[in-house]
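Scrolling down, you'll hit the structures one after another.
One chain, subunit A, links the two complexes that follow: it is found with subunit B in the first and with subunit C in the second.
Moving on to the complex of A and B:
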């Protein structure tokens, strides 16, 4: 009971009120809390799209027959490819692929129609711009599939002995924003959280008002608790803002329990505040905070799977990503927003996040206290 | 002699820069660290995708089929949870479940078409498509290797596919030239912005007001100094990439030299503009640095195709200088078509750099510089 009275002491409250006033006076922090998260969510939710559609296709049709035209229209039918130019010479087409004006080129030989009629294998040449290795691979796969299906239709709708029926769960339209927005919510929290908390702490260090606070009877933990509490509330505001944008603009389904989502976001916000304070204790001035935060945030974001899938990373980095708190939050956010799952599926990530929260807050508070004394 | 004054301002700036050891270390180590992380960790093509299999048939044919699917390094089998095909996907243990119906082998033997169902985790959009293509290709391979295809289809079209520039589909060849566009934009501009803000925070800018140095001379000195720091970073980045990733210039190197020069100058000018406008708030600089970083990363076509950015935003990507520089680096390191392949890119970067520098001068003119 004594402890509780202590926590709710007047001194802590007046410290918290001082922090809140300081933050409210600081237009810059309010700006940082509202503007970048909104813009980042909108831009990256809309801009990140790994889809391989509307690839520009250049065609050289030496055959000029009904068969060759049927092949081309089969290729453009489901919009993976889009005919951009018809060239009359193969050299011109090759030049366009070389300079990147078209992504793929199709050369249909003069004897195409005759070969089909004689039931001989009719070869067509496909050139693909391989600079973007991933797109090239997918384009190659599509090209083969489409040609194969077209062949089947030509053979009077003959069916294959085994057919595959693919069902996409949770996101049947494969909307890319549904994949990216939950991840970007995590990225936004990481950047804003660590930025805002490191700036508030280092400012006090820079200006020297920290020493003044130390003169007061307030204990080190009270000073920090008073700093963390309003930041926590403000960053939770960012969580609400981000989920509102996700819901209204991107139509995210939020299938899981929203209370659980808020609770786990709160846990992650604590991790971010811990990172921010840690950055502030590592740096001597604001300039260094800017640079050191890059050192932390770049790997944090990159290994989290928010932007590029974790499955495609080399094994070493895949293992490393387990030590990335953002990875666990992104996984939690995606699961709770898109799938209807609960704690039973997420416990390992919740456990990891709790460990990180305790670790980062503990280490940073400890460093902060030793730097104070 | 204004030129002389610019140079001495530049030398003063460089001396000041190298005195702060931590900043120097970070300025050189950070770009390399970013390059290593991106160069090794960003891969888009998924391998070893966990897939669980529910085989109701459990016959010789169905087991051969499953073997075919996991024989490629694209899929690894993972156990089914509680006999529920969707549970392992729900829990994130598997990305897909393949359901083989009980009549699988019987249907094949009696030549009635049979359908296998593939449940795919659609939350991961990129992987979902890869899984769809992978399963279909493996199924096709299973059919042809087990001689189950109908005897000799009457009509056959064969596509002879050639991948240009990168036949082995080495993803580093795509990613690493893009990294140059990110790090050579972010770090020179950030250092210039920090230097600018520091001058205001520490009040040393007042001394410049008192001297007879004009705003343009002062800015040109800073521009030159951080341009040289940027050149150092560029040389370091290109050499490390050559050693670690085997990325070398193909064909005409002049596009890369000229392009890098213009790009670095534009980056520094951007940093000076941000620093001039930011008041004395480092937080604002940090915010801008992050914004600059994210736009250079995500709106430049570094990871995903630039054509996929929808309409109003695609206009924004047109004014991201990194986008044009990545065009130049990909041409220099991968395509090798030289000046004909990069079009207006150097001009676009130069135009934007000029605007940034002009903006910085205009901002400073409003302060108390001598004319």
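Moving on to the complex of A and C:
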């Protein structure tokens, strides 16, 4: 029995050595592990910002009074709106909204100033290009808010009955990058992990060495374990790289236990490798595996809440997102990076990730021996 | 000093030859691939190149095709430099030069378009060409779904579609089965008879015998050139085929004995091939020596040397014989005779298609069993089932005494496997590859160094173990792969086309090693498309459409062939073949170089009729002699008969 164990570990060792040597000979894989994650993190972290500024505004001012000018300057004051054109006729403004030259239009009637002077409600008309529903919504919100506040300053003294005083917890500056970067770390691990692991497996199939490998006494799990071990180490390097970028460039607070974060990231890396290997056993060649992983990765990312909030999804997709491993990792990453929570708050996600890891790797190992038939 | 490449070829060469090459040199950096080659090829001639891997064949083709510039020397095709003659050249390369995702017709139309064939001509020519190669029914099939032989025929059509005057074929039939190869060569002969000049390289020397003239190239130089007859004559040797009771013993005895004028001894399955200068004297001496050792000699047949004899002998004189080293092993052959591999009623179905149909095979320890058949006959599927890569749909498999759980590590560690699709890691060094296979097969640490050294030495790669495997030529890789698959001293060895693309010298070394393993008790199951080497098998099975249609030793199979093989010598070989194909089934007629091989069921009745048919067509016959069946003739006969009467 002892002798047998010795042979087994010997065989696994040879397999691992071989994988490591192949990775060392393959510059492409090192590039794949370093370059895309860095670029993706920087692009998502720096460029993705849901706040809307500098909306182009067209104005038709029939009133031509100090009051109307005061309203317009209130609108452009905090750079949310920017006056693009002054038109003399409402028709021209409508045309500009239609052709997309301006996003919003403001029509101030001739009796604006007079109405204000008579302490009667004055009416202004706002035209908003609703094609980009999100921006339109935000523009409408801002417009209402600004006009309301402007009205308040006009009848100073009269205060509103309830005033809200909001305190933002965990992300006091409401930095959007704090929201995105932990999610993008998950996205990067998913893309890189599944791609790198599927290519190392599919390459054996492409070249024809897989047949030879399957003919050796090595068991399916040994072959896969040998493939997973070096990739796991490399992808954990990616986790460290990503958290370094998050800390240094985006100033993420990492309030939770960093050890726990690494441990759970390791679990997620196993899930990603599992996805990659599973795809590789399904596909017949490199091209196929890349196309299939596109098919899987895009919905995986969309449903995860890494980029678009889960709260904005219809109920069906919200339920579906529970079967998305990335969603659980994103939740874990955000909680551990931005808040200081422990396992007790995350156990459901940890359980889900464990189930996914066991499922993907288990199915891969099972399929591995029979995939040639 | 070779003259620089001149744009205008010398007038004298231009006059008659289709191709004229003088003082051709090519260097890649400091490596000289060609060192001064001269030859001319006449219109309508089939000119063959043979030579080991890395001899310079492909370089020559690339220069002739105008895709590569010569370093020095003069080359003219049809009186023009190669670059200007390109529209008149058809070029088929080693790898299939087809688009796998296009249909047969689309591939053909694409090639025609490239060569500016007018649409009207294409419409007229395409059906004719496809009909000629038997692909007319497959016009809409994707190229990737064709068999290897069909792919090569299509590649030939693509090369022929523009009606070229010169056809360049660089190893077009590597990996193609004998039936398709023979059809391919029949096509070539037909094409050449219309005046097209054909230059062809091939690793199959039996095939090269069908060329009008053959050039042996090695080390970037033409070593020998001439017709088959003149090459044989130049060898100055005769071949004795010796059938004896104990071949292994007989070979050892003869190697130790002094036989006057003996040059070479080689085991071919159940017979010995002995090359001698004086067959009469040597015959006597061989019989004497064997009689002294009480080895019974069944018969000795005198015959002409083969092209392989010429090739091997010449390269041996150059000292190019790879060293033979006995494998360091403790195996003693105690298991000899026990059943190692057994298949009973083995079946495999893919959907409604029956790839393997009730196959029974038994291979004992110490036995070399050859599984032969056309592409798609089910050989590879059978092997994959036997070694557990594919689950069987029905039947029973016994492997190393086990009938269940054949994929257990304990069973696998006793099996060696080498597939045609080459199996070393290209991105690792040779040493890393060998170390990996040692480790994964559990070769004990203290023996690893010894085994690895043996592989390196037999392959002549000492000092190069740090080379990345991708840089080795194909034939060498194949040899290292063989080494890698036997380092753990397997009891059972599966070899799926192990010698595809390996040159004849290396192939002989290969078979010597295989025989050695067999003698020590390894059971070996091998597939090959090279029927001359299949003679090395102790017994063999022929597969047609998933069934084993004939089994036995090579001699048995040849002896069981109905009818008689007749060699006809005539001046107008092609015309004679065309004439006889009208009267006989086409497979019964084959052209071998300048001769015609006929399979006649009733010699006394049929031969006079053959003579009469040829007389009526005014084709004179110089000679017509019955000759013994070669394994290839037997193979083709069996396959064709099995297709004609599916039982």
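One rule holds in what follows: the second predicted complex is superposed on the first by the 359 of 373 C-alpha atoms of A that agree within 3 Å, B and C clash if a C-alpha of one lies under 4 Å from a C-alpha of the other, contacts with A are read in each partner's own complex, and residues count from 1 in each chain.
The rule we apply is simple: a contact is a pair of C-beta atoms (placed from the backbone, for glycine too) under 8 Å apart; a residue touches a chain by one contact, two chains touch by 3 or more.
Note that the coordinates shown come from a computational prediction; the quantities given were computed from them, not determined experimentally.
Visitor: Of the partners subunit B and subunit C, which touch A:32 in the superposed model: first, second, both, neither?
Guide: A:32 sits against subunit B, while subunit C stays out of touch.
Visitor: Quick one: is A:10 in contact with subunit B, with subunit C, with both, or with neither? Answer first, second, both or neither.
Guide: Touch partner of A:10: subunit C, not subunit B.
Visitor: Who touches more of subunit A, subunit B or subunit C?
Guide: B
Visitor: Could you say whether A:87 touches subunit B, subunit C, both of them, or neither, answering first, second, both or neither?
Guide: A:87 sits against neither subunit B nor subunit C.
Visitor: Name the contact category of A:298: first (subunit B only), second (subunit C only), both, or neither.
Guide: The answer is first: A:298 touches subunit B but not subunit C.
Visitor: Now for A:215: first (subunit B), second (subunit C), both, or neither, which partner does it touch?
Guide: It touches subunit C, and subunit B stays clear.
Visitor: Report for A:178: first if it touches subunit B alone, second if subunit C alone, otherwise both or neither.
Guide: first
Visitor: One more residue to check, A:370. First (subunit B), second (subunit C), both or neither?
Guide: After superposition on chain A, A:370 lies in contact with subunit C alone.
Visitor: For A:22, decide between first (touching subunit B), second (touching subunit C), both and neither.
Guide: second
Visitor: Is there a shared patch on subunit A that both subunit B and subunit C touch, and which residues make it up?
Guide: The answer is that subunit A has no such residue.
Visitor: Sort out for me which residues of subunit A touch subunit B in the complex.
Guide: 28-29, 32, 36, 39-40, 43-44, 46-52, 54, 71, 97-100, 116, 119-138, 140-145, 147-148, 150-152, 154-155, 158-172, 174-176, 178-179, 191, 195, 199, 284, 286-295, 297-299, 302-303, 307-309, 311-314, 316-317, 331, 334-335, 338-339, 341, 344-345
Visitor: What residues of subunit C sit close enough to touch subunit A in their complex?
Guide: Those residues of subunit C that touch subunit A are 384, 387, 389-391, 407, 409-410, 412-413, 415, 417-419, 421-428, 432, 435-442, 468, 485.
Visitor: For subunit A, which residues are in contact with subunit C within the complex?
Guide: Residue positions touching the partner: 7, 10-11, 13-15, 17-18, 21-22, 25-26, 207-209, 211-212, 214-219, 369-370, 372-373.
Visitor: Inside the complex, what are the residues of subunit B that reach subunit A?
Guide: These residues of subunit B touch subunit A: 20, 22-23, 26-27, 30, 33-34, 37-38, 40-49, 65, 86, 89-92, 95, 104, 107-108, 111, 113-133, 135-137, 139-140, 142-143, 148-150, 153-167, 169-171, 173-174, 190, 194, 197-198, 281-287, 289-291, 293-295, 298-299, 303-305, 307-310, 313, 316-317, 330-331, 334-335, 337, 340-341.
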